[in-house]
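Can you read through this structure? Questions will come right after.
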Amino acid sequence: MRPATSLLLGSLSAALVAFALTSPRVIAADKVDPVADAKAFQNFFFQKFPDVKHEDFVNGPYSMNEDMKRQWQEKEEFPPYEFALDAGKEMFATPFKNGKTYADCFPNGGIGIRQNYPYFDTKEGKVVTLELALNRCREANGEAPYSYVKDEMASLTAYMAYTSRGKPMDIRIPDDPRALEAFENGKRYFYTRRGQMNFSCASCHVQSPGERIRAEILAPALGILNALPIYRSEWSGMGTTSRRFITCNSQTRALPLEPQADEYRDVEYFLSYVANGLPISGPGARP
Amino acid sequence: MTAHTGPHPTRRLILQGAASVALIGLGNLPFAPVRAAANDKYPEEVFKLKNEADAIKALYGKTAEPSDKVRLDAPEIAENGGVVPISVTTTLDKVTSISLFVAENPNALAASYKIAEGTMPAVANRLKMAKTSNVTAIVEADGKLYSATKEVKVTVGGCGG
Amino acid sequence: MKRSLPVAMLLALSFAPMARAANEADYKAAYAAAETASKEAAALRNQWTTTVSTLAAAKKAADGGDFDRAVAAAKEAEALAKASIFQATSEKEAWKAMEIR
Amino acid sequence: MTSSIRVRATSNGDITEVQTLIQHPMDTGLVKDAKGELIPAHYIQQLKFACNGKDVFVANWGTAVSKDPYVKFSFKGAKKGDDLKISWTDNKGGSDETTAKIA
């Protein structure tokens, strides 16, 4: 046998052995392993779309289709969320009746911190999202909470997202079994089929990103929350994370849960954690 | 025109031919007097017209000829009928007006821009489109009309609800 | 022609029992069954929007006195609710099949 | 109340590029609200740009212009620091205007 072929055969068998070892990791008795989940999740999309730059995934449908990307870039020159952004900045600076402002409720005065939300509150034992924290801040200062799906909440989160633009998503899971359970709940919600259409979030955003559902191109699940809140031409208005989850549910004919229900908080926790390292790109403009 | 196997197909074809000629004739009669392009007044009546040909005639009083000197940029598939980015540029000179028509909209004329002396003959804007339609850009240069047309597909998004 | 005969027969048969018009009692029974199933689906946090709208349609038809349509809608609502219950229970394990590992 | 007109006018060489975004519902009069009633037509009809006392660009708009309308054009004959006056009127007699410095 000529040396070259024996060399080839040798390396082939080595590769085969290596592959066998790293075949899908042996599932220990369903131990929750967010680090491995995040790695597998990101690799799935990096391999499925090798020519999409990693940080581009946060641009949703526009990372999947050139014609749509051109329309988006044209809109981004003077984006429709400009007004929500200005309104949010103004609201952030306007003191409550008791003289305090949002800056007093948040670390670093609420500037450049969006990438750490949602976080797991070990006192409460639950996930706390940015929208929930904002309403709790209002209530703590004697103000009425905003609707989770209307423009005021969207303006506030738009401004806070804007101050974090470009910072990598940085969600931490404390060493607390309840945090691991919240992560697992979020993962289960993400993969569970619901509604008369019998779709799960994964049916569209894992199995067929880049494909069309009528006029729209499906966004990849990786980094899908990084651009929120978004101005959707469909709504001709702003949409918070809550509004996005609720409309997705009703599209598959699943009755939406109440905004900031535990399931929504956990699925936001899961989706944000697996997008760690990808930049915040909110507020965004979408079809 | 489906091929007819019925009696006297030719007679029917002639009849239909005559009917359509009459229609065209009728089409431009009542609008000939309305000439609103030159002055600054808002062409209120033209924006009420349904049909594209009538609107072009009412606005400019003449017909346009397609020209490759007019470049119309519009998406192949609009991401959303409510916000369709459309832009027009042209290499023609002495341009005094640029207008955009969406044939299938309730009213054909969407926007009409007056280009002053020294203003570049180009405009970008975002239009609403009711459904898939031809979009036509009309450029008035040195008193003559030039046009470019492109089809933009429009449909709703989402999977159901 | 031969194949379609049994199909016609089947169709005729399925309508036979519905011969007499439904009355309010039939509607109440059908609606109650549909409502229990719908409540169970809601408790499982897996209600469908179509169950809710069909249940409402049944009530509306009944209010209008059209008990035939009301009973049909109530039956459909019950079927939808039961389907969503089945979906919730089967998905308890089935979701893992889709998980990215 | 901040103006409804956002404008960015930047000049390079002799050409000034102008981009404008206006906060306006641009209702067509053909859309129904949640209660099923028609929302009356409410849209900007004319938008004017004037510089150094001359109208450089006039937009006549119908109901087919998007909500929060956007328009971009460019013109010659102005320089950094000149004032660009932008004004609009809508079909209900509403109006707004603002003046921007060319950057």
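Things worth noting here:
We just call them A, B, C and D in the order they show up, numbering each chain from 1.
Here is the rule we go by: contacts are C-beta pairs under 8 Å (C-beta built on N, C-alpha and C of every residue); 3 or more make two chains touch, one makes a residue touch a chain.
Computed from a predicted structure; not experimentally measured.
Pairwise, the chains sharing the most contacting C-beta pairs are B-D. Work out the mean CA point of chain A and of chain C, and you get 36 Å between them. Distance between chain centres (mean CA atoms), chain A to chain B: 43 Å. Rounded to a whole number, the gap between the C-alpha centres of chain C and chain D is 54 angstrom.
Looking at chain C, one finds that residues 49 touch two or more other chains. In chain B, the residues touching two or more other chains are 82-83, 87, 124, 126, 161.
Multi-chain contact residues of chain D (touching two or more other chains) are listed as 67, 70, 72. In terms of inter-chain touching, the protein chains here follow a pattern that is not a line, ring, star or complete graph. Across the complex, chain A meets chain D through its residues 77-78, 80, 82-83, 86, 90, 236. Those residues of chain D lying in contact with chain B across their complex are 15, 26, 28, 30, 45-46, 54-67, 69-77. In the complex of the two chains, the chain A residues touching chain C come out as 24-25, 27, 37, 40-41, 44, 187-188, 191-196, 198, 200, 202-203, 206-207, 250, 253-255, 257, 263.
Residues of chain D touching chain A in their complex: 2, 6, 8, 19-21, 23, 67-68, 70, 72.
Looking at the complex, you find that chain A touches chain B at residues 61, 67-68, 70-72, 74-75, 80, 197, 199, 204, 213-216, 232-234, 236, 250-253, 287.
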